[in-house]
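Worksheet: one structure, shown below.
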Amino acid sequence: MLINRKEIYIEFGDCDPGGIVYFPRYLEYGDACTNALFARAGLHKAQMVKTYGIAGIPMVESRARFLVPSQFGDTLLVESCIAEWGRSSFSVHHKLFKDGVLAVELFEKRVWVARTAESAEGPVRFKGQIIPQEVKDKFSGKSHTGRK
Amino acid sequence: MLINRKEIYIEFGDCDPGGIVYFPRYLEYGDACTNALFARAGLHKAQMVKTYGIAGIPMVESRARFLVPSQFGDTLLVESCIAEWGRSSFSVHHKLFKDGVLAVELFEKRVWVARTAESAEGPVRFKGQIIPQEVKDKFSGKSHTGRK
Amino acid sequence: MLINRKEIYIEFGDCDPGGIVYFPRYLEYGDACTNALFARAGLHKAQMVKTYGIAGIPMVESRARFLVPSQFGDTLLVESCIAEWGRSSFSVHHKLFKDGVLAVELFEKRVWVARTAESAEGPVRFKGQIIPQEVKDKFSGKSHTGRK
Amino acid sequence: MLINRKEIYIEFGDCDPGGIVYFPRYLEYGDACTNALFARAGLHKAQMVKTYGIAGIPMVESRARFLVPSQFGDTLLVESCIAEWGRSSFSVHHKLFKDGVLAVELFEKRVWVARTAESAEGPVRFKGQIIPQEVKDKFSGKSHTGRK
């Protein structure tokens, strides 16, 4: 199973008046780490969207546990993997470590979607598509480490 | 039980290259709605923190369901309430409606904390405190509506 | 000359560890106020882009003066107007008042652009277009006030 | 004169519905690069604030020129230096290059401030302080390169 590791440096602007990371930023980190995980699997988002004719992999559910606060100047090490594949959805699991201690845990459920073509003028609507087996196969390799 | 209603207007800058709200923004909306719920209960955050000698009400768990995407120019109506009170923690439930349809649901578990005083130089650490009954009582009123 | 007035409520998440608005947020407020100014003139961005076949009104220059810091819970009143029209560019001026005092001043130079069609795969490139006189005329009315 | 070089990777969440970096993000990048420049000079912000008894180095003026749009997946190389030292203020100049081409230029005027102590309850107010010569001297070295 492919695990991607990515370092996140906490910037001043990511922190709130309490001096700790403003919690929605963690979900931004997680999103960046999911994109990095896919890139590590050879699936750069911009290219992947074209290759498979999808609109993207939007989030349908998210869960987070905030265990240890982090501050400006901290560096978090994030380990990301696909926790589960469904037919048209999948789950991503991120573990954010601070000095070796699990600080935040994120779970994302995302869907492999096309944009429905009712009308270009109408509101954006998505429809789940079957995830190609070759996409899933790209994540079955062994751990790749590095900055991405 | 106190329910606060707040309108959120989706700005251009809240949306991603897919043209829909970038999902971490929803957690920012939820945070603003929790602060508005407390303000509606007479507990303005800046004042509350001083009155009760706490460091804040940081998030320890969050859960979100993204059901219908929203776009620049949409207005969401958010209904917020305290779903459950614990001894030193509590849960907030936000329902975000778009044109009367439930579009996003957010659950927040927060803790009533003091900052531990090991040292001013050290990393930020929090410790749960017992939530005063008078705080809980302020949310037992009936529905208040308005823009806050 | 059309002047739009819009209130901005400072949220907790807009503030930095110093307890004041993180300065890039002011440029987000300005962007929202420019969109509100155009909407007040009858030019809702999403519709305007379709009507005139443009890609948008991207920023090419920005200038800001930060005079008085603001904090969570403050409400700013923003006055926005078109300061100058060029052939394919224009300047927007925002004055952000806190309790009647000028707190921040923002200047935006934006261009009325089409997306160049070299290739759908290539990087995004824009090309200035002549701003229609009817667009400019919509801003010559008198002051409109309200929340938008 | 000390010049710091820092790479910025453009994340999906930094981009707007037009598919390009949402311009206020560039000011966040600049803020991160100013902090990295100071860190390169041996002045880590959190430590510097304590050592010199200041509240920070808030922005009083900012200017930006947006020349070439960037997109998700691009990497910008940022060169940052102190352009000018005043008695209690200083200017930072950032040049953001994309594939060797100047894409964005940022100018920041910041002040070396203490927090005025009128009252802990009142609004945040800052007062400029004389910048110590030893601080200025730390930036007179030659170019340091690296990831920070």
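Which chain is which? They are A, B, C and D, in the order written, and residues in each are numbered from 1.
The working rule: a contact is a pair of C-beta atoms (placed from the backbone, for glycine too) under 8 Å apart; a residue touches a chain by one contact, two chains touch by 3 or more.
Here the structure is a predicted model, which is why all the values come from computation and not from measurement.
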Those chains which touch chain D and also touch chain C: A, B
Listed chain pair B-C, A-B or B-D that repeats interface C-D [over half of contact pairs the same by residue number]: A-B
Gap in Å, rounded to a whole number, between the CA centres of chain D and chain A: 28
Distance between the centres, which are taken as Cα means, of chain C and chain A, whole angstrom: 32
Mean-CA-position distance for chain B and chain A (Å): 24
Shared interface positions of chain C, touching two or more other chains: 12-13, 18-19, 24, 28, 31, 71-72
Contact graph of the chains (line, ring, star, complete, other): complete
Touching residues (chain side chain C, partner chain A) in the complex: 12-13, 15-19, 22, 24, 50, 72, 121
Contact set on chain B toward chain A in their complex: 18-20, 23-25, 27-28, 31, 55-56, 58-67, 69, 71, 123-126
Residue ranges of chain B touching chain C (in the complex, touch as defined): 11-13, 28, 31-32, 35, 44-46, 71-73
